[in-house]
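Here come two complexes built around subunit A, the first alongside subunit B, the second alongside subunit C.
So, the complex of A and B:
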């Protein structure tokens, strides 16, 4: 017998990277999908950008600065649309992944192995992060070049710190919805609702302060809202929610420490409930 | 103990919802396993036989930790079903759901290496095992093609290959020859026998009688969640105590017929003419035991036997005798 029931950290890491590699191999067989992920955020941002220019005319930049703290509405909208891609990918890659694998039968196949589900989720999350970051950065740079603004302005390192710390709780939220998808056996409606809901609340095309107070409070309960505002503040100087970057960053750390652990607990409970009844194979 | 499975009074109840119109639905409990107890010995090929919906796959899914049983206990390779689930997963090679457990966009080799990683094999070991299995199952020509280009039979072979990647002491094969053509099915059965000779225990589910008789040391007949009979195929057939008929065709004199009739164990022997030949129909209780004596006696009385047609009791007959139904029936709870 060659398989191992209690793997070491290195073996667990190897299994996680195998899951990431599997996803990367898979996506290389759909090159059109990656191209689309680079083009869509630019088109997505271009629509309000051009509408803004058409309605505000020569005053567009001044009006935008008065309401958001930056005149660079091109970069502001591109950051929003690319962050939306990251959020959207997180929900599709984690929550929809469970449903898709359930339908194709591969979920049961991986459940037959001794690799823990959380290792697999971590592998899928790493894949999602690599894919989303690569396409988002390319789309951001390309978008900036198309609309003739400098993509390398502001504190790029700080922006990355906000993205990196914001991704983990985002995948935690996505796993929570993955558990819900397993429970109700419905993915498209739930994932669609979540990606647009969270996308709206984090302020794809507008500053969150523009939201009504109650809605703004709900928006601040989602990690992507803090992540996007952190990136915009670092690159464009729109202003952190708590004025200091490290306070906003600390909030993301609090999300990071709480949400993934909570999501894993919920996921295990739902998973055991499913195993107690008809199992992962029933879809 | 590795290769051993012990199941004690295992039950499994599902809850399903039955739709009644647009908005109404009622919950229904389905008892898929009703107190199943059995023991699979190390090194044996154990058959689970039953029609669709009998509970075979539910039992297998419980034993592979995919499902939690409602009550009862089981030990697989000496590991407890609930407390040592991960040890069970590591020590069992499974082929369930036919070709559904494969990544179709990946090649066969990529699939095997990926699953090797999930069994925590080292990168070198994964590749070595994948190459070894590809060679053993003659998958070399297709191993580097995307699975989506495979025929159904090739996908089934790859699913079987996946079950071997962790070199487990216990193989669980759920209808492994489904969708395989006859030569491929024969080839797969030969590999299973070879692996069994090398010491692996095998749980083999099928609804094909001949396959169960050929492959299995012992068989459990399952129907509607219960084990109806358990034993070697020969014992199960013998338990029916039914008369069997052997027909001899050729040139057989009446003296030869009388000599056969006089043999102990022969119930009766009747001669008749069929298409210019003589046919001797011999009714016996245990044709396997008696056949050599019958041939010997006929030859001693100068009979020229051109054809022997034994009509044996099959496991299907055992199933029909126990349930009053054939194996072709679908007994799933609707």
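So, the complex of A and C:
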């Protein structure tokens, strides 16, 4: 057997895609889980929708427009709940990645293979993004149809641009968080808390201007906040943070260039530290 | 083994002794995960504030809305009841499944300890923790969005106890189902939980549901628990309770709280006997 000291780009890509294929194959065995991922965002968005309709009555649309910039609260809330699904998937799949390998008994194999962990985590990220995007788009369309709203309004292409550029820094943040999980171990509790924390900061069901100034400043440091607002502005015209779409998009690009590289560095440092202290195999 | 120098407990004292010992075991497991304690509190607080802020987007003045205490009341009290009910409804069955997975269910059944105490101990510690979470999140919410409407505490507590008693019964029945359907029980639990979130309306008034759905809500005793609990604590504002006059809701809840545990326990014992006869108790 020949050891691969410096794999070529083609070999790295092949290993990454193999990891993605493995995960995709695995999830096709659980169609019920995928169905739930389509239903959950719709039910979740229905909660505030029903609450708002009941409390505001005929003024629901007008009040919502005054507070958020659009009267289309169905699409606004569905975008929020589906973005939450994408963010949750990123955190669960990436931050929970090594834990998953531990649980399935394949962690040792991962560390014995010559493939870099970053290649494998990139494969997991691709799988996670494909899965989240597919279920989210289906959930958005189905949700709009259930609540009788046109799903094909606004600038759909621009919305996709915001999602695609926003995904990479999002997975970067998730990897950063994965480093924390490696250290603290209690992945379930931490990931659960983090997904709601990010959901809150990105304005899952409300615009971030509703948050106090200090919290808003923290929210704006998170790529998902820009991604969600970009999608809402493209589809519903709620208004970009910098008024022009390309300025908001540029901020996402800045995140894209900085966060993944920073996260990889931090992850390597933490991973090496944990391995030196023989803590990687601890369950 | 000679049991001569051991005190043999019988009757009620044996039952309580088993309950305390098993609850202590659950508490010991919980204390091994301190981050989970902190995280669960943060999570509850975040969920409540997200839903409250979402509700406020529909009010005239948004987050500065002065008349938002009823919205906050509906969300906070609904969420508190939802947390308690989730504990009792799913945790018992989930824990039975966990014992199966760990391979300790058979040993548990070979011991002479009460099976009822074993089932109740699964949620005793969780209920105390949920109670503390509820108090904490209510205080924090009051600090953030103004005073929550808070009335008729004794009656509210009675309604909570009756609803919990009834859901203990449903929890026993669900544990019986878990013994029968095994892993599929978890998916079923998820599905029922989402149905509960819509039909029993813990996060919004029943008036928001379409007419047909409201009819289904009226057929489920838990809906009366949600309605009576929040209406009572909110001091019966205009339009509350929504499903029936409070006296009728109390009668329904009393019947539910008294009969359901008996029925649930009967179902569980029946399923347990079946599993033992078939030898499927430890099947995983």
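Following the convention adopted for this analysis, the second predicted complex is superposed on the first by the 279 of 283 C-alpha atoms of A that agree within 3 Å, B and C clash if a C-alpha of one lies under 4 Å from a C-alpha of the other, contacts with A are read in each partner's own complex, and residues count from 1 in each chain.
Simple rule for what comes next: a residue touches a chain if its C-beta (ideal position, glycine included) is under 8 Å from a C-beta of that chain, and two chains touch if they have at least 3 such contacts.
Worth saying up front: this structure is predicted, and the values here are computed from it rather than measured.
Upon superposition of the two complexes on subunit A, no clash is found between subunit B and subunit C, which fit side by side.
When the two structures are aligned on the shared chain, A:247 is found in touch with neither subunit B nor subunit C.
Looking at the shared chain after the overlay, A:215 reaches neither subunit B nor subunit C. Contacts of A:192 after superposition on the shared chain: subunit C is touched, whereas subunit B is not. Of the two partner chains, neither subunit B nor subunit C is touched by A:257. Judged by the touch definition given at the top, the superposed model places A:145 against neither subunit B nor subunit C. Of the two partner chains, neither subunit B nor subunit C is touched by A:156. Using the contact criterion defined above for the overlaid structures, shared-chain residue A:24 touches neither subunit B nor subunit C, since it reaches no partner.
In the superposition on chain A, A:113 makes contact with subunit B only, while subunit C stays out of contact range. Least inter-chain distance for subunit B and subunit C in the combined superposition, rounded to the nearest angstrom, is 8, based on C-alpha atoms. No residue of subunit A lies in contact with both subunit B in one complex and subunit C in the other. Within the complex formed with subunit A, the residues of subunit B that make contact are 2, 14-16, 61, 64-68, 70, 84, 86-87, 89-92, 94, 96-97, 100-106, 110, 113-115, 117-123, 125, 129, 146, 162, 166-169. Taken in their complex, subunit C has these residues touching subunit A: 33, 35-36, 38-40, 42-43, 46-47, 49-51, 53-60, 62-63, 70-71, 74-75, 187, 190-191, 194, 197-198, 201, 203-205, 207-209.
In the complex of the two chains, the subunit A residues touching subunit C come out as 32, 36, 39-40, 43, 46-48, 50-56, 59-60, 63-64, 66-68, 73, 77, 184, 186, 188-190, 192-193, 196-197, 199-200, 204-206, 210.
Looking at the complex, you find that subunit A touches subunit B at residues 1-7, 11-12, 14-15, 17-19, 21-22, 25-26, 29-30, 104-106, 108-116, 272, 275-281.
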